[in-house]
Amino acid sequence: MLKANPVTGQTVTLLYVPASMQLPAHFHPGTVIVYTVQGSWRYLEDDWVSKPGDMVYEPAGSKHTPQAVGDEDVVTFNIVEGTLDYIGENGEILARDNWETFLKRYHEHCAAEGIEPIDVTKF
Amino acid sequence: MLKANPVTGQTVTLLYVPASMQLPAHFHPGTVIVYTVQGSWRYLEDDWVSKPGDMVYEPAGSKHTPQAVGDEDVVTFNIVEGTLDYIGENGEILARDNWETFLKRYHEHCAAEGIEPIDVTKF
Amino acid sequence: MLKANPVTGQTVTLLYVPASMQLPAHFHPGTVIVYTVQGSWRYLEDDWVSKPGDMVYEPAGSKHTPQAVGDEDVVTFNIVEGTLDYIGENGEILARDNWETFLKRYHEHCAAEGIEPIDVTKF
Amino acid sequence: MLKANPVTGQTVTLLYVPASMQLPAHFHPGTVIVYTVQGSWRYLEDDWVSKPGDMVYEPAGSKHTPQAVGDEDVVTFNIVEGTLDYIGENGEILARDNWETFLKRYHEHCAAEGIEPIDVTKF
């Protein structure tokens, strides 16, 4: 968690995904920019594979299921506007992440690890 | 429907609400700006009443139930980033509107009324 | 001055322009949304006239010279991303307004009129 | 040049700066997000040095003079809203870059190198 803007709902994060892990299918009401730092990954719905140095720009309203590809753990740098809605097989919304839930999880992580959290909502 | 941006998900709309009508409770993943042109309205969750010339700015992640107040029909000018998610009593998402559904409804309305639609996605 | 976002640079304002007044030519690095509340106005560079209920959406990078049209004072509701750069005949930048200068002028106005200012940067 | 949005003025770029090079002082009307991919750099105005994996978030209205630090060429991933205005010693604006000038330079570069340009304004 690098930044969370409580006004606009924008989050800036570094995401670590273990090799070969598949993330749940989800929907984004706003735009998503993903820059691949390490490893390879794809969306199950598409043909391309994103590699280090590649950028993916998803317009508002995208749905996809990210999957790590290959033996290397994946690291991506992400700028997301609004929420990330986990969806079921019929498109129904199962759960939702946004700046508030990410922030809560960041604070829980810091507490568990004995790390002093930074105020990521300060600009 | 005045503008719909398929990249960012932003919509610019004029909303007409008959006097005393209550709209369904909903959630916004992004920001909402509402300028009141005519009539009075409120959110059931809040104490204030918005009147002509007033502006309401909702940060990302707001939930509310708009209700027209008084005898006059309400007209508002709205700029919404992302979706409008209709929610049930337990916060579950019942349905969702965004630039795509608004655009579809605009085209249906134009077809029904014999109006030539404008390309509101062109800037 | 209704809102000023020190992070994104967005401002939300109501602008009053006396009948027939012409504003200086200027450039906008970001988007501009103008909703006309009262009176009529135009850009010298364009053919249309904006009337109450009309909306103008200017993509990033627009240049124009607003002018009030007719006998009525003009009131517009404006959402501007970034600055407003006053430009000379050869496109050179003469001066600049943004959330900081608007905010300063709002506080000066309040001080002069004995009005208690609202914190327009709070969301 | 990865993306340029002609509506919002947002640009997404990868910037290569040779080791030890200093870029001109400039002003940003909108927000700037910089993720360091390779090498180290700093703003002359600040004390910190940005290294690979670091992120810098500049609110709207920032002024700075970037300088590559150390022996390695610098690569950054950048998301900029609006323009980049080169400023002189007294804050006067000397020149300006935005999505249009970046796009023009991208096409000139492709023409010079015999590369088929991608439509970076398509989302």
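Letters A, B, C and D name the chains as they come in the text, with residue numbers starting at 1 for each one.
In this text, a contact is a pair of C-beta atoms (placed from the backbone, for glycine too) under 8 Å apart; a residue touches a chain by one contact, two chains touch by 3 or more.
Since the model is a prediction, treat every value here as computed from it, not as a measurement.
Chemist: Consider the two chain pairs B-D and A-D; indicate the one with the greater count of contacting C-beta pairs.
Modeler: Pair with more contacting C-beta pairs, A-D versus B-D: A-D.
Chemist: Determine whether subunit C and subunit D, two copies of the same sequence, contact each other through the same residue numbers or different ones, counting it as same when over half of the numbers at the interface appear on both sides.
Modeler: Same, since most residue numbers here occur in both copies.
Chemist: If you average the CA coordinates per chain, which chain's centre is most distant from that of subunit D?
Modeler: With centres defined by C-alpha atoms, farthest from subunit D sits B.
Chemist: Could you tell me the distance, in whole angstrom, between the mean C-alpha positions of subunit C and subunit D?
Modeler: 28
Chemist: Centroid from C-alpha atoms only, then distance subunit A to subunit D, rounded to Å. What do you get?
Modeler: Once rounded, the distance between the two centres reads 24 Å.
Chemist: Roughly how far is subunit B from subunit D, going centre to centre by Cα mean, in whole Å?
Modeler: Comparing mean C-alpha positions, subunit D is 37 Å from subunit B.
Chemist: Would you mind listing the residues of subunit B that make contact with two or more other chains?
Modeler: Touching at least two other chains: 5-8, 59, 123.
Chemist: Within the complex, which stretch of subunit A touches subunit B?
Modeler: Against subunit B, subunit A makes touches at 5-10, 29-31, 59-61, 81-83, 85, 92-93, 98-100.
Chemist: Any idea which subunit C residues touch subunit A in the complex?
Modeler: These residues of subunit C touch subunit A: 5-8, 123.
Chemist: Please output the residues of subunit A touching subunit D within their complex, sorted ascending.
Modeler: The touching residues are 2-3, 12, 14, 33, 35, 37, 53, 55, 57, 59, 77, 79, 123.
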